[in-house]
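Below is one structure; the comments refer to it alone.
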Amino acid sequence: MTGYSPDIEAAIARTRIDVATLHAQLTKYGLVIWTGGNISGRVPGADLFVIKPSGVEYDDLTPENQILCDLDGTVIAGTPGSDRSPSSDTAAHAYVYRNMPEVGGVVHTHSTYATAWAARGEAVPCVITAMADEFGGEIPIGPFAIIGDESIGRGIVSTLAGHRSRAVLMQNHGVFTIGKNAKDAVKAAVMAEDVAKTVHISRQLGASLPIPQTAIDSLFDRYQNVYGQDPKGALK
Amino acid sequence: MTGYSPDIEAAIARTRIDVATLHAQLTKYGLVIWTGGNISGRVPGADLFVIKPSGVEYDDLTPENQILCDLDGTVIAGTPGSDRSPSSDTAAHAYVYRNMPEVGGVVHTHSTYATAWAARGEAVPCVITAMADEFGGEIPIGPFAIIGDESIGRGIVSTLAGHRSRAVLMQNHGVFTIGKNAKDAVKAAVMAEDVAKTVHISRQLGASLPIPQTAIDSLFDRYQNVYGQDPKGALK
Amino acid sequence: MTGYSPDIEAAIARTRIDVATLHAQLTKYGLVIWTGGNISGRVPGADLFVIKPSGVEYDDLTPENQILCDLDGTVIAGTPGSDRSPSSDTAAHAYVYRNMPEVGGVVHTHSTYATAWAARGEAVPCVITAMADEFGGEIPIGPFAIIGDESIGRGIVSTLAGHRSRAVLMQNHGVFTIGKNAKDAVKAAVMAEDVAKTVHISRQLGASLPIPQTAIDSLFDRYQNVYGQDPKGALK
Amino acid sequence: MTGYSPDIEAAIARTRIDVATLHAQLTKYGLVIWTGGNISGRVPGADLFVIKPSGVEYDDLTPENQILCDLDGTVIAGTPGSDRSPSSDTAAHAYVYRNMPEVGGVVHTHSTYATAWAARGEAVPCVITAMADEFGGEIPIGPFAIIGDESIGRGIVSTLAGHRSRAVLMQNHGVFTIGKNAKDAVKAAVMAEDVAKTVHISRQLGASLPIPQTAIDSLFDRYQNVYGQDPKGALK
């Protein structure tokens, strides 16, 4: 018994389901192997988020074993799953939620092509229209930072601050994405790997052609505000 | 009640089924991710075509939520699916149907290797016999054009005019294919990605050998008129 | 009623099942797309072989719609499937069976990496032990030859004559493999693509190290005569 | 009747199940084709291990047809599966178990990217944090050694002796991995291919950035001792 209102309890329950089931998209799109990668979702209306347990296999994830944390990344004792350790990237997720109130979901993977760019410390340039649509420019590269304190979270937030992109490469590490909710962050992770791969392959046989900035602006604006059945505008 | 004859209504119903079910081939062959990519099919005997709704997930596509349009790309009000937005590439599909009466299906994807050639603004050269069979020469590269008016449609039609190919790369964007019907255009999309990939990989380790033009001509003619159980000749 | 003995009829029936079901291995291992690729199997004890129909989708292949041919590649009238056209590569398969009596199965694909080497007219060098095991040396490159007469068959047979390999690349085209039976030829097709891919990738970042000829000989001999539960020695 | 105690019989039975079922992970992650690759597991509390039979297809593997061997690699007569030949790599597995008492599982594959590095005789450098986590440094390259005596086993053990890595590339051949048990060795095989692929792709477009040794040490220590629900420290 944690004493949340019925509305918050319902929101927590929905977020547990979302986070648990969305992990299947990471395996479907080949972004993760074994127990790597993690998704979290902010609980709407509360200073809480739900995140994957550490080192648990994808087939074993259920709404009940996802872990509820406060925005400092502390596990909420007495809630389902709280007897296990949360993702080892929990501090980074928490930092993002504390510092980017518009963010409702965070995803982290070591997806192959994104990580390959990250290992060179190189941003993915915006040379295909799908990238302009989705990210409004390059996917930027953040600093090298190791796990264990706030340095990864700070690197994510400070790098994203200067870009429209919902994805950031962390040097020698992998990719973090943000979204309006967990599903939107998962979409960003899927698209980030796809464009990282396409641009990589394009570059293998020569220089790619630039897209004019005005066209990038126009594509981003249109995709955020017109595409789909219910566009709501850009995240940031 | 839209007042079409029973024959046209039956043709619309068949086209809805074709277009909805053919999208599964795009995911099967890995040509699309998330909600990207789209297929349309002309309704035989009418100035109408059926196209995918915008931003809807592949698992949610049904015959009933495909969208019926006239050849200006206007949604036919009062028909199933007409309460939703059609694919954001509808104007390009409509332009092709208006200007290429022999075309019965159009497909658009951002498939990886085709898009990689497109980002360099480079045609795929015809150096494998499967490409001579299917496309009768190179897969040409069209202009950079952004969404929102007729410029993509014009780029497709004008580029295809000078080639036997049923596939065209649009610079920095992706690939459009045409066919006698929607299935034939899907086949062209599958084959275009396959040959774009094979030729890319071949080039990575050195120059590929050219195929003599007489052999290309002979292979294309034979494949269009002899291969399969019921060949009907080339589209164009 | 074709007048074959009960033994031959039974052998034909078994070969139809083998050929029809083995096609699933080509899709499982990603060697073919759409209706490309074909498998045939010699009928033991008769001058006959069974081959895939032309341009039929993989999901639609059944024992009954495979096509029975004599060693000139002529369809045996009045047998199941004989109302349809056999694979457009039937003449090449027939040539192999006529000229290589030890061959019981033939496979043809345009698998990506094998075809990439073929488009450069380059043999795959034997730099990994799995290749020494399976092919006893390089996968050789045959001539450019177009479909429609015996030139593909002649190219396959003459190129294989100088090599231990059960696989041959045909320039600008794809790969043909042979085996003791259809399944053995399918295994060769799967392994040929795998080693073509591995050696390609190895070469992308520098020269691969050669394997001494004595080691290649020793590995090939051992694999053909010791590996598995019931080794029977090399094909040729 | 082999005269083992009930406890040992139970341990053998569990190891048979583990080894048989873990092979499905090799196909799931695309590390093997056809009948290539093999897994073994040491029987806890006994000088025995269980290994895959030679040349048997993955779909046909069952606990009962796995093969029980002593640490010389000799099949234990009269036990289930003992009428068949064990994996042709049995001598190498046995050598590892005899010489590395901490090892409870061994895996061998010809996975594509690992084998590509092996064909150049090149170690995979530690330039991504996932590799520091899992392997604590580079994946080293061992000598060229052919099958048939103890030379492969000796190459594995002597190469691993100087490294934290649980994976070793064998020149021109493939990869061997070790673990606390069979599952842990399978995880190492999956991760080894993943990082071999990512680092390969990163290198294709330029030099990757090094990770400082102190960061590698810190990441390895943390991953072995903190990650997951029940960390037990590094293998070696």
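Per-chain residue numbering starts at 1, and chain names A, B, C and D are given in the order in which the chains are listed.
In this text, a residue touches a chain if its C-beta (ideal position, glycine included) is under 8 Å from a C-beta of that chain, and two chains touch if they have at least 3 such contacts.
The shown structure was predicted, so the numbers you read here are calculated from the model rather than taken from an experiment.
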Greatest Cα-centre separation from chain C belongs to chain A
Expressed as a multiple of 5 degrees between 0 and 180, the CA superposition of chain A onto chain D rotates by 90
For the copies chain C and chain D, the interface residues, called same if over half of the numbers are used by both and different if under half, are different
Chain centres from averaged Cα atoms put chain A and chain B apart, in whole Å, by 33
Multi-chain contacts in chain B, i.e. residues touching at least two other chains, fall at 204
Contact graph of the chains (line, ring, star, complete, other): ring
So the touching chain pairs work out to A-B, A-D, B-C, C-D
The chain D residues in contact with chain C across the complex are 33-36, 53-56, 84-85, 88, 110, 112-113, 115-122, 144, 146-148, 171-174, 200, 203-204
So, in the complex, the side of chain D touching chain A is made of residues 29, 127-130, 187, 190-191, 194, 197-199, 201-202, 204-209, 211, 215, 218-219, 222, 226-229
